[in-house]
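Each of the next two complexes has subunit A plus one other chain: subunit B in the first, subunit C in the second.
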Partner chain A sequence: MKRTEATFTTADELYSRIDNFLPDGPKWYCKEVTLPEAPNEPQLLFYRNPVECLEFLSQSPAFDGHQDYSPVKHFTEKECTNRVYGEANMADAWHYYPSKIGPKETVNLAFCGSDKTHVTNFSGDGKVHPVYITSAQIRADIPNQPNRRAFLLLCYLPVCKFNKTQYPNVTQARTFPGRLQARLTHACLKIVMEKLKEAGQTAVPMVNFRGECRMNRVFLGGWIADKEEQNLLAALGANSCTGCLAETKDLGDESPCLVSLSISHFIFQFINLVQPRDSKSILQKIQEVKTKFPPSNNIWIFLTECQKAQLSGVDDPFWKDLPHTDICKVICHDTLHGLHKAFKDHTVQWNINRIGEFEIDNRIRRLPKVPGFRHFSGGISKISQWSGKETKDLQRIFLPILTGVQTSEAITATRAELDFIYHAGWKMLGEDDLSRMIDFNKIFHRNKHAFLRTYQHGGRELDHFHIPKLHSRHHYPENIRWLGAPYNYSTEITERYHIEIAKKAYKATNRKNYAEQMLLWLRRQEKVHLRGLFIRWRNGQWNKPSDVDTDTQFDGFLPELPLNEQEDPPQVVSLIVEEPDLIDDLSIVNESLSQPVLKSSHVTNSTEVSHAISRRPHLIRQPLESIMMKYNIPGLETALKIFLIQSSKGVLNPQALRSELQRYGPLSLDWKGLSIWNRCTITLPTVGFEEDHPEKRTILARLKTKKDNTPRFQTVFVDPKPDDPEPQDGIRGKLNFSFVHPRGIPFNDLFY
Partner chain B sequence: MTFSINEGLQVAQLKLIFSSHILTTRGKENIRFHPSDSRGKILAYVEWFSKAADKPHGTMQMYGVSRMHKDGRPRDGVIELRSIVQPCYLLPRFKTQRATDLDIKGKDGSMIRIDGDNCLDLVDDFWINCFQDQMSYQTVF
Partner chain C sequence: MPRTRGQKVATETGQNKCPFCGKYFKRLGGHLAKSSACKSQSEKLQKILLQENFGDNNMEEDSNSDIEINFGNEEDILSPQAFPASPNTRPQKRMRPTSPNVFLHSAMSPGPDLFSPVAAPSHLPAGQEPVLHQTDEISDLPSEPFEAEKVFQLYKIEEYPQAGHIFQKNCETIFHKMQSSVDGIYPYKPFFDEEEWSLAEFLATSRLSKGSINTFLNSAWVSPIYLYQNYRLSSDTF
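Showing the complex of A and B:
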């Protein structure tokens, strides 16, 4: 590589070139927002036009070929009964909006994500509240890679503590700043969403990288946020459910949100009727409070009354005028907070309450180390900072450590919760998967009472299950039907963007009026990124993910095996709803997978397993005897002889084999020297409908090395007849040949 | 010593990946092995675990496997490397109230504490862990 000399000498010069010559992303606007009830605390709102942001995303070459415009329905079988939900355009939302718009218009769902975050580490408490935006037309894989920058920063919402405002009394001074913050947030979002509202009423032309122009109707499709912000957005009190009319005392119920007559003003004939919450019912509730206690008269009385009515004190929610938008359906139930963190905070804690920290740690320490995964050598009770990754690592090993000490109900409940969480992690979910999730949730609720009894080891007593996150699980299936798999809208995405957009940007400032400086920094970053895209496009390195791993060490060595490049498409029948606008062939373009480095050796139907080992063995010409000594495997010689006999004469009965073995004599010279490998990389077959990059696993079989003082011999699944084509679908069928597969077994048989 | 080939998958611990030295000698491009010639194959030496039980554990819904011994030695065998399907993750079975019951007595009478490094070798009974990753979850269930 040739090093090029920089053509600038000072940072100033570099910045001025970036500022003056490089093309810019969507423009930034600034507006001063002052709440009438806090007149002496004006706030600055920095924002962009969401429609410009979507236009910008639509044109970007980085997403070319990864965009979908028309709604589709996928089914697992030809009869079209088991619908599959994955990408946003497979879900109901994308089928709902076309019925509301003109025949020559395309739906463009905006997905927003927001999360308040600290930017200071030790001193002060600088907080920022960024809101991100992306288009659901871009396939979910792309926004999930932060370096692709599919999420644009839409605005920094002002964060204010309202210290200078005069409150009527002490208790209100404690509770009302939060309410004012909610009002401020809605007031700001109303300004930001103004243009989005217009684009939802009249179509906006948007051009993609290929030059195709579509008339887009933009709707707010989803909002990725944690539970606290979900309620803030819905203008509800902290413990209300956004999916149904459940309030605090209903949250532990086994079934989703039965109508609770004491709160609801409606009278239903059937007590078991599920009453979903929607925009209308929230607005109505606000209106009731508003007419009785107008906020313009006395804001403090209005806020108090809102609190009583389980509202957040917002009288003019930003989504009120958004066309065809139901905020309760927009809010996404996320997996990071709602499932993973909830698992750690509640279920793990309940189990620890019963078993005791000491015993749990003892058990966890004794679990085998698995290469590539975290091992909790020090137990878990001393870990104070739990990240999402650690919680997931705990889920991997948590269930079996309960045996022997925990009651069977508690184990059943934990298992059911884990099943629920793992199902929610899939990228594609069928209708059958959703009904299983509902079943798992039922099992959990039926057994959860076991956690209440924590007689043996003391610990914190638990007397209720009024936990919002527990309740929200009832709503995952409907959420998935409406917006697609939770993979599309996990808060993990926004938390990853935080690092770039909040933390790094803040570091680049001098901590004074940091929002402005952060924006300048981000604009420059964005320009440089654009420039990078342009250069890559010019050099023709297009559409190659920058992070293709090129593992040069393992370069397919297995001889005489066919290179199987063509993969059959998975068994999915698609009903493509005809796209109203421009007919394009985007929906049938199959992404060509990056050329696998490895050769295939094992094909099971449409999926394949392949093994790769390095071209050079780690040890060569090792005498058989010394290997048997070093590895402590005295049975190797006999086992090898049996293998050789059986590969020449077929499978023999034990008696015939024994006499053959006696007659065999010493091994031929070919086998006196062996080549040894330490590891093998297996490319796993793609499972189900997930057809993205195949996963790889490295399995180790080695003695201790300089770096690692422990020998590693991993356990594996072996298929005794690798050449046998079996009628099952891929690896799932083949593997489960030996196991009873719960799929397809009626719910009642599954547990008791 | 021998292993009857059944339907379905078996769990095994991989002890050695090897081949005849002929395969990796220089100039191997010139040698064409017949597909049935074992010298042209990459082999693996494994120690077998028992077949998984037909039914999973009642409440945990996990399948148990155990190490197989014969005359104090593990059951072993040589297989082709390509018959390995995917890693199998095992977790020890705790059968009593206390985890320390899992520890074993060494030959000299001292207790050997089970830890992350020696667990696979010293413990006999395991669960097949279906929660290790999504791949295991979807295949083993």
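Showing the complex of A and C:
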């Protein structure tokens, strides 16, 4: 094998070439931030321009064809009563901004996500606080695939304990570092968001991968964070609700902030009690404290008063000047912490309090092993590291476990909560689904007192329901209306990016001044990734736009035609000159089109059921007799013969079949050695919009594995007449083994 | 010849128990091929099962003569058109041809008295009827198709049809800018060619430490010693 040797001999050389020659993504800036109240602890803030990040993202070929630029409202029926919320551009936020800025400009909602995370494993106290940014123009499927790198690191917020600062007394020394940290975070975010604010006031041209330039107005659309950070961002105290004016004592209430509900009798009942919180009310509250106790006089008194007023001690929140932005609507209620983890932390624990750990573990252990359902062979009470996946696995099996030992009220409450969680996990929710979610929540609150009446409880949460996560469920429907389905803004994805951006980067450092080294590492990664994209682009691997509209302008854009490319610059100039006329034309068109256009779209036909099996059979060349004995299916040979007769002569009546069968001799050689598949995957027909990701089910039919001697045979339903419109007339039976395959005969797989 | 590896497993932990002689074997097929007694019993069992399924005990004696006929006609019976194509495509390479198992086609030796009670026909599960052989008795269900499964439809209103307007086309992207800065002779600069770029891409993204990268680059696989002088020179060009 001929091989050319590398022209770099050391790692230093390799890295210096990457650093010096490869082009970079959005630039990094560094700024020293010093809080006036902690003058001897200057902090370094590393950040990027969020607008540059969005420009960079919009040009990436990985998202080509997956971007939406205009708002749209979807309805399930012609009368347009039941609105559907899915992607961000179907939701209200995308309709709100054009009403403020004018209908011509493109709205680009920036979704940020932040989460403070430990980077050290067992020792040390290394923490980083990364903030990620993505554009809501990219459809939600794509940012949820980490390999596409749809989330860019926006900044590392400094994390500081403020150990060097002197505090007035001991109690304040314990509470004030957190307040100072909040002030520092807001001061830093104000610097970072400066450019975003400008881009919200004046439009920025952004080019996408196809070379189409749009005038984008950038707004802060959503902020993906857990509950602690949500309150930090909203400059509120720890237990306040960001959605309404509820404070600690109201968190367990059955029905806060019902103003936003569309059920009329509730509005009249509760409209005077609770009102939704918004940016103005928070700012007003801060202003009240500020005028009485100005922070420039004595910061400590200001902080104490803020604590009393349920504020976090920030006097200048970063979102104050952001145009048309209401921070309370920006904050997303996520599903991972708010629903899944809350289910495990609270509801499961309440049920265990009543039933007892021993009993619930035994019940879980006794469940049969079924594919698709996790079997907790060790019970659940001893699991120490709960991840989101384990919680979801538990949710699937948890409700049946309660049967017989839990009161019916508690079971009703648990079921309502599970229904709520499953509804929130959908990728597309209609107005009817939202009202159902509200109903589920009501059922839960009506029955939640059952968790209190336990005789052997030892949990500390049993005397009250003042839990922020429980309360925040009231706000999911309005959040979905504003930003689309929770799938768009789950914290799971930012947790996943942590591995990439925080954990791996930290491991590449020598643990000293790690922020700079992490950035260097990340920059190199980004450079190499970008160069990889570029090389693929140059080789023409990206040239096929995945959407249907393969218009001719795109072909001219491809790099294979460098002539066109050189002609581009004069064209650009002329177009920019023409721009005012263009806008005039547009406004005329706009007036004529101002009536809502009603047209059907998204007609999805259900696809065929298909199945897939592994390339190689699990057992090959099995003699028929051995199969019949091992699987205890003596009728197999007869069935095979009947199948062969019927495939050659058509379906016969039983009498004719019997006589045929008697004349039929032994099976040919081909049928004597059969290949067997123990499992197969069935792709279910798609219903609705899940065209790209159809559901799959695994069917097992195996005697044993190396580890497990239990035979697994699953019940299947077979529809003998697929063209028949009645889906219910299938026959039910145990799948005995998956496939028989004689050699040399091209035909489809057989089930028995 | 049939498979001869079906040796008897010494202990009782062998996987498969022969229902006729009660011994344990690694492969039952091999055992059946060798032991003519068990073989005949199993064929007897099949015969009885055949009768059991159709309630007909008149097994014709001249079935042996049909064997050859059917054996020859097998390919004709199984025409490819008889079987609808599988939706998923799999490679043509399937299992390798089995060596013909002669004993399986040997003449049945009559002798119903040899039949062992272990595999009595009463053990037949009731649901063992062939799939193709079934009747449709359910007909009282409503016959209109289930709508939601067939078509899922949404109606859309675009309140701001002008949003997302393209102001100009064929703009430069970052890739065009990168293209203009790339050397025409060395498109992979700062690396020599595609191979070297792929190596650099791997090394830079593989989470190897600098020490490991150095060790790798010094390994004989990457830098053969007799080429060392050469490659010093080429490294200076960059």
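FYI, the second predicted complex is superposed on the first by the 541 of 752 C-alpha atoms of A that agree within 3 Å, B and C clash if a C-alpha of one lies under 4 Å from a C-alpha of the other, contacts with A are read in each partner's own complex, and residues count from 1 in each chain.
In the analysis below, a contact is a pair of C-beta atoms (placed from the backbone, for glycine too) under 8 Å apart; a residue touches a chain by one contact, two chains touch by 3 or more.
Here the structure is a predicted model, which means the values were calculated and not measured.
Trainee: If we overlay the two complexes on their shared chain A, which of subunit B and subunit C does A:675 touch? Say first, second, both or neither.
Mentor: both
Trainee: Output check: A:172 vs subunit B and subunit C. Expected answer is one of first, second, both, neither. What do you get?
Mentor: A:172: touches no partner chain.
Trainee: On the A-aligned overlay, A:517 touches which partner chain: subunit B = first, subunit C = second, or both, or neither?
Mentor: Neither partner.
Trainee: If you stack the two complexes on chain A, which partner ends up touching A:381: first (subunit B), second (subunit C), both, or neither?
Mentor: neither
Trainee: I'd like to know which partner A:638 touches here: subunit B for first, subunit C for second, both or neither.
Mentor: Both partners, subunit B and subunit C.
Trainee: Is A:281 touching the first partner subunit B, the second partner subunit C, both, or neither of them?
Mentor: Neither partner.
Trainee: Could you look at A:654 and tell me whether it touches subunit B, subunit C, both or neither (first, second, both, neither)?
Mentor: After superposing on A, A:654 lies in contact with both subunit B and subunit C.
Trainee: Which touches a greater number of subunit A residues, subunit B or subunit C?
Mentor: C
Trainee: I'd like to know which partner A:408 touches here: subunit B for first, subunit C for second, both or neither.
Mentor: So A:408 only meets subunit B here.
Trainee: Pick one for A:716: touches subunit B only (first), subunit C only (second), both, or neither.
Mentor: After superposing on A, A:716 lies in contact with subunit B but is clear of subunit C.
Trainee: Considering each complex separately, which residues of subunit A are in contact with subunit B in the first and with subunit C in the second?
Mentor: 557, 559, 601-602, 611, 613, 617, 620-621, 633-635, 638-639, 642-644, 647-648, 651, 654, 657, 670, 673, 675, 687-688, 718, 720-721, 731, 734, 741, 743, 751
Trainee: Please name which positions on subunit B make contact with subunit A in the complex.
Mentor: 1-2, 5-24, 32-33, 35-36, 38-40, 42-46, 49, 51-52, 54-63, 73-74, 76-100, 102, 114-117, 119-121, 127, 129, 131-135, 137-141
Trainee: Subunit B touches which residues of subunit A in the complex?
Mentor: Against subunit B, the touching part of subunit A is residues 359, 362-363, 365-370, 373, 375, 377, 395-405, 408-409, 411-412, 415, 418, 422, 425-426, 557-560, 601-602, 609, 611, 613, 616-617, 620-621, 627, 631, 633-636, 638-640, 642-644, 647-648, 651, 654, 657, 670-671, 673-680, 682, 684, 687-688, 695, 697, 699-701, 710, 713-722, 731-732, 734-743, 750-751.
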